[in-house]
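What follows is a short report on a single structure.
Residue numbering begins at 1 within each chain, and the chains themselves are lettered A, B, C and D in the order written.
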Amino acid sequence: MRIVVQKLPFDSGVELNAFTAKQSNMGAIVSFTGVVRDFPNGGLQYMDIEHYAGMTEKALEAIATDAMSRWDLGDVLVIHRYGMLTPQEPIMMVATASKHRKDAFEAADFLMDFLKSRAPFWKKEQTSASHEWVASKQDDEDALKRW
Amino acid sequence: MRIVVQKLPFDSGVELNAFTAKQSNMGAIVSFTGVVRDFPNGGLQYMDIEHYAGMTEKALEAIATDAMSRWDLGDVLVIHRYGMLTPQEPIMMVATASKHRKDAFEAADFLMDFLKSRAPFWKKEQTSASHEWVASKQDDEDALKRW
Amino acid sequence: MEVLYFAWVRERIGLPKETVDTQALTVMELVDELRAREERYALAFSDLSALRVAVDQDLADFDAPLKGAREVAFFPPMTGG
Amino acid sequence: MEVLYFAWVRERIGLPKETVDTQALTVMELVDELRAREERYALAFSDLSALRVAVDQDLADFDAPLKGAREVAFFPPMTGG
């Protein structure tokens, strides 16, 4: 299990390969990469991500540990950035390794649902004129009930 | 949409990055990589994958096109190898790009279910003593009913 | 008509592909003709529930018509991914 | 006790962190004390349904006890991922 909270950019492809290389006889590797989206008509200068240092690492570890106990997984990777990100930059990534594709998919889906609403990150969208905190979505809260 | 059927190895990380770089304002990228698993106690010399050249490309395109029509996707990638592969080598990979994580996850899951049972590949496991064709699983056939 | 065999069907019949001169109107009629040929064909086609068929590279049923078809393939259930 | 604020809660109150001398037995009692302080606190805590709380870095309810707690944090619903 590897949990990383960092300000610096990371390379999804390099991380995916490093994660895959560490596994022993896992037939299924699933990855999710979250990328900063611009507004439909553009204008996003940057996304500023605030987090609760200390609690963040604990919360991510708890979520990953929960996933490991619910599914037959060989390994879990979580990387999440904070600070100022520009459109098209990767924000975060999760990866799961399992013998079976179903476990790898479900666990990655689960990790994402909990990262969205239970990891202490807050996104702020900055344009040249103003900034606005991204509102949480009822859909994201509802998604947790699936598990 | 990119569909590749090849004998040569591929690099999942490089493919994931190339796929991600092509997208425009897609917030969610999901990848699945299938890796050759050895037997629980070892002994697999290689996995030999036979395919139906001509039909394979058509079938993969049809499955990917179906996914594009069912979910809100920016793009789909499918890479599938044939020939002789050794344990730990990647067999295949799919990637999906969407504005929304739910679409990216579901479409990748769907692609994998259909690749398993509807793309004309046949796996043979070769040990030093014998070879055996991998049997299809009822679970894999049942998985198609989800969609 | 080109007839193709894959995986253990190919191994049992002993060849990957052959040109068959047939008047069969359906896949099932073609199967019956092949079965009547030789023991290895009868063996390969002994349990149709273990076989799948494609007509002109599209999955089809055993009662599918062969009118106009150029290529028929027989194989076990697929195991991709 | 250390009290932390994040995102727009931090912006409204105007600081990320402060040490509060309190006898509050629950989170709710602490909120009431803070509300009574100044307008900016009353404003930040005006709608508790828009707030989440963590006690010693674990998510908690507003009726959670504060006995032995060293750190309480207030913030809007999280938007990670």
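Throughout what follows, a residue touches a chain if its C-beta (ideal position, glycine included) is under 8 Å from a C-beta of that chain, and two chains touch if they have at least 3 such contacts.
Computed from a prediction, not measured in an experiment: that's the story for all the values here.
**Student:** Of all the other chains, whose mean CA position lies farthest from chain B?
**Tutor:** Farthest by centroid: D.
**Student:** Can you check how far apart chain B and chain D are, centre to centre, with Cα atoms defining each centre and the answer in Å?
**Tutor:** 48
**Student:** Nearest whole angstrom, what separates the Cα centre of chain A from the Cα centre of chain D?
**Tutor:** Measuring from centre to centre gives 26 Å for this pair.
**Student:** Between chain C and chain D, what's the gap in Å when you average each chain's C-alpha atoms?
**Tutor:** 72
**Student:** Return the residues of chain B touching two or more other chains; collapse runs of consecutive numbers into ranges.
**Tutor:** 34, 101, 112
**Student:** Would you pick out the residues of chain C that each touch at least 2 other chains?
**Tutor:** Within chain C, residues 81 contact more than one other chain.
**Student:** Strictly by the criterion at the top, what is the full list of touching chain pairs?
**Tutor:** Touching chain pairs, listed by label, are A-B, A-D, B-C.
**Student:** Touching residues of chain B toward chain A in the complex: what are they?
**Tutor:** Where chain B meets chain A, its residues are 11-17, 20, 23, 25-38, 87-88, 90, 99, 101-102, 104-105, 108-109, 112, 143.
**Student:** Quick check: in the complex, which residue numbers of chain D touch chain A?
**Tutor:** Chain D residues touching chain A: 4, 6-8, 10, 54, 57-59, 73, 75-81.
**Student:** Inside the complex, what are the residues of chain A that reach chain D?
**Tutor:** Chain A residues touching chain D: 34, 50, 52, 54-55, 58-59, 80, 91-92, 112, 115-124, 133-136, 141.
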